[in-house]
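Dropping the structure in here first, questions after.
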């Protein structure tokens, strides 16, 4: 979909980008990463001709990007940046339809599109439509920025650290939503970041750059497990095994056959019935299958009272979703002090659970892979 | 630092040249005669250019001195606890006053002080010049970061010490900008004040207008323009000098 | 204990003397007592002789009483009540002053044919200023919306009534107006027309120059320094300096042409500077986003940069307008029939009231332009960027 051929950008004596060749397949997320000044942003900005390359050729689709005017090219490429750059004098709706307006869409079509996009990025269309950027929080502004980039449904999205200015909590959430949206829309995305975790989580392929040169271009797994050089190894960090967990979703290792007791009225009787199963814990769900808590069967066996054996919980605080990364699930477990954690859907219905042991298996597999990596361990 | 002083030296040299040029009545008459060969008189007969400049500067200096002597303390006072009640009133008055046409202020002073003396002109200039000085002082003091004041108080400075050692030095540039605006406006308004008998460089201009003598108009206009530009660049240098380094 | 001390804290600021209103009241009092409110002239040219307060009849004593009442209220009352009493006193003072002036005029110069004139004295100006200060203080002490609006309505009613039945028509400045009649209005329109035309030219020239300055560094250096120097040249001197080049072109050195040139030149600086600053302070990321989404340079300027620079640009236009309304008075010296002409005639003939007849409307026009352009600025500024343009 996007192909860079021997692209070079020179500023006077300094080479910002040095004979870079790169191909991004249709529907792929390519993350450009590297230390600051490595040329990743320059590369991104050459794709929509905000910067003209000194030499080389860039193709988008089957077209050389120099065959059309920069304006026409850019209207076909979604663009989202770290500082968002929402137009402060325009409402959220007017911001979103910037490109459709340039393309001359009809008003009714633009109106409908605003509604679609706002709900896509998880904002309430009616209440956000008429707001001005200064009334938005950082995270909300960032969502509107993404909606604006998607407005004319461009096949390609260029994103320059789009979540860079948001606090870590919101950033995690925005990444999750981006992954969800991408699964739905299958855009071809070029994404610049300096955050390795973000790259690993979102990328189909990562292009690691340094001093304008491409160091390695591969899947996150291969970058972690088969780094091409010491630089790649060091850049990806020492906790590679842990990082791998960021790529694995909970549903990949989830156990769905879990002991569950569905009883609305008499929890104690239910607990006694549960005592005979082999598991230590049994989940307690309501009639709709929504998680209400769990029963410690061992405590019952030892003659503890039924009341003391039952723990009631709010599912929102103590469970994970199937699309949560294992890394996040592990962090939740460590925080809560659990050896396993329940998995529910958005409404709290119990789907299964993930045990520490299951995660350990994944980790061991990772270790086995990385044994093939370079021997110079001990890197930070 | 060195560049600052080069600027000062340049302006100083400019002032000397200006002083010499206005004292050479013969040069002016030569140039003006060549421009206006047919006129009976080409330089202002009632006073030499040097005298006019001195008169003009006198008007401006006296009124600006009054302006500064009142304006800066008023600006300081309304930012102190004792004057805070009056701050809004003073700001509103200053805003309103700055929209007044200078000639209207001059005109309003006439009935009060009578025509034919420099007194109404001086009062009008001092009053009109007050507005930028007060607003500059308030803006300058407001621009001092509260953290700096906290630090100063935390180190045990008294109110006056904070004012003189911290606030005024930090506000000096903005205050000076207000003074500069005020003085430049005063030089301009003083030219018009000649019509009320206050004297100064406006006199040859009015005399020239009344007798349809372009040479006299040009004589006064050129000297007034030079004086204003010179004063402006001098005050700009002062602004630079009072700016604390860094 | 805690509750008690809190309530004391809350009351203390209310109990304090309203020093601003007190100052205004004392100013008004001084205007009545220490300075003449009105002066009698045997004819329009001779200097006036001050009249005693009593010449204004009952209204004058009412003015004095209201000033004392306002002062008392500012010391002894508190809260909303005080604000309302002060406001009522302020309106009352202005009304009483007008009636007193009218009374004096009607009684001391009753005959239309008599040359005697009653002029506004220094005390009247001071009293008006004092009443305005009391009004200002009262409005800032939150008397409530109804009271604020009511006071304005009451003032208008009092002014109209005083003009119709209070003898204001016999006041010297009004007689001057009656004499000038059409000439006065023609001066007003000439004043507005000259300033308006020049402002139009200045916008037409200044905005493109400002845009160019924001794009090309050498243009900025050249334009801003030239326009800056022009600004410091006294207006009268600039008019004088224009004589030679205009004569060289065979154009008149007096009349509307040099006036419009000079006014345009003075209006340029605030417009160019604010256009330039307005454009350069636009957040670069906003411009980058616009470019990245495929806006052409023109679209970027008209759809993004211009709307964002608009508040500052309009502030520049406002400053320029106020300034050239003032300078439009000066161009009267080179043969333009603006309000400045009345001032000059007044100075020349020593007719103070003619001077006032020129100066007061000039002030009103400048203030109206100021208020109007501020309002217009708010109107055309997007609510998303409405900012505190002082």
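In this document, chain identifiers A, B and C correspond to the written order of the chains, with residue numbering beginning at 1 in each.
Criterion: a residue touches a chain if its C-beta (ideal position, glycine included) is under 8 Å from a C-beta of that chain, and two chains touch if they have at least 3 such contacts.
Quantities reported herein were computed from a predicted structural model and do not represent experimental measurements.
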**Report entry** Topology of the chain contact graph, where touching chains are joined (line, ring, star, complete, other)
**Finding:** line
Report summary line: Maximum distance between Cα centroids and chain C occurs for chain A
Query raised in the report: In whole angstrom, what separates the CA-based centres of chain A and chain C?
Result: 60
**Report entry** Rounded Å distance, chain B centre to chain C centre (Cα mean)
**Finding:** 22
Query - chain A and chain B, separation of their C-alpha mean positions in angstrom - result: 64
Report task. Report the residues of chain C in contact with chain B in the complex, numbered from low to high. Result -> 18-20, 23, 47, 119, 122, 125, 133, 136-137, 140, 229, 232-241, 243-244, 247, 253-254, 322, 325-327, 329-330, 333-334, 340, 343-344, 346-347, 350, 352-353, 355-356, 358-360, 362-363, 366-367, 369-370, 390
Query raised in the report: In their complex, what parts of chain B are in touch with chain C?
Result: 35, 85-86, 88-89, 92, 95-96, 98-104, 107-108, 110-112, 114-115, 184, 187-192, 195-196, 201-202, 205-206, 208-209, 214, 217-218, 220-222, 224-225, 228-229, 231-232
Requested in this report: Within their complex, state which residues of chain A touch chain C.
Outcome: 48, 50, 70-76, 79, 81-91, 98-99, 102, 132-134, 145, 148-149, 158
Query raised in the report: Where on chain C is chain A touching in the complex?
Result: 283, 285-296, 299, 304, 307-308, 382-385
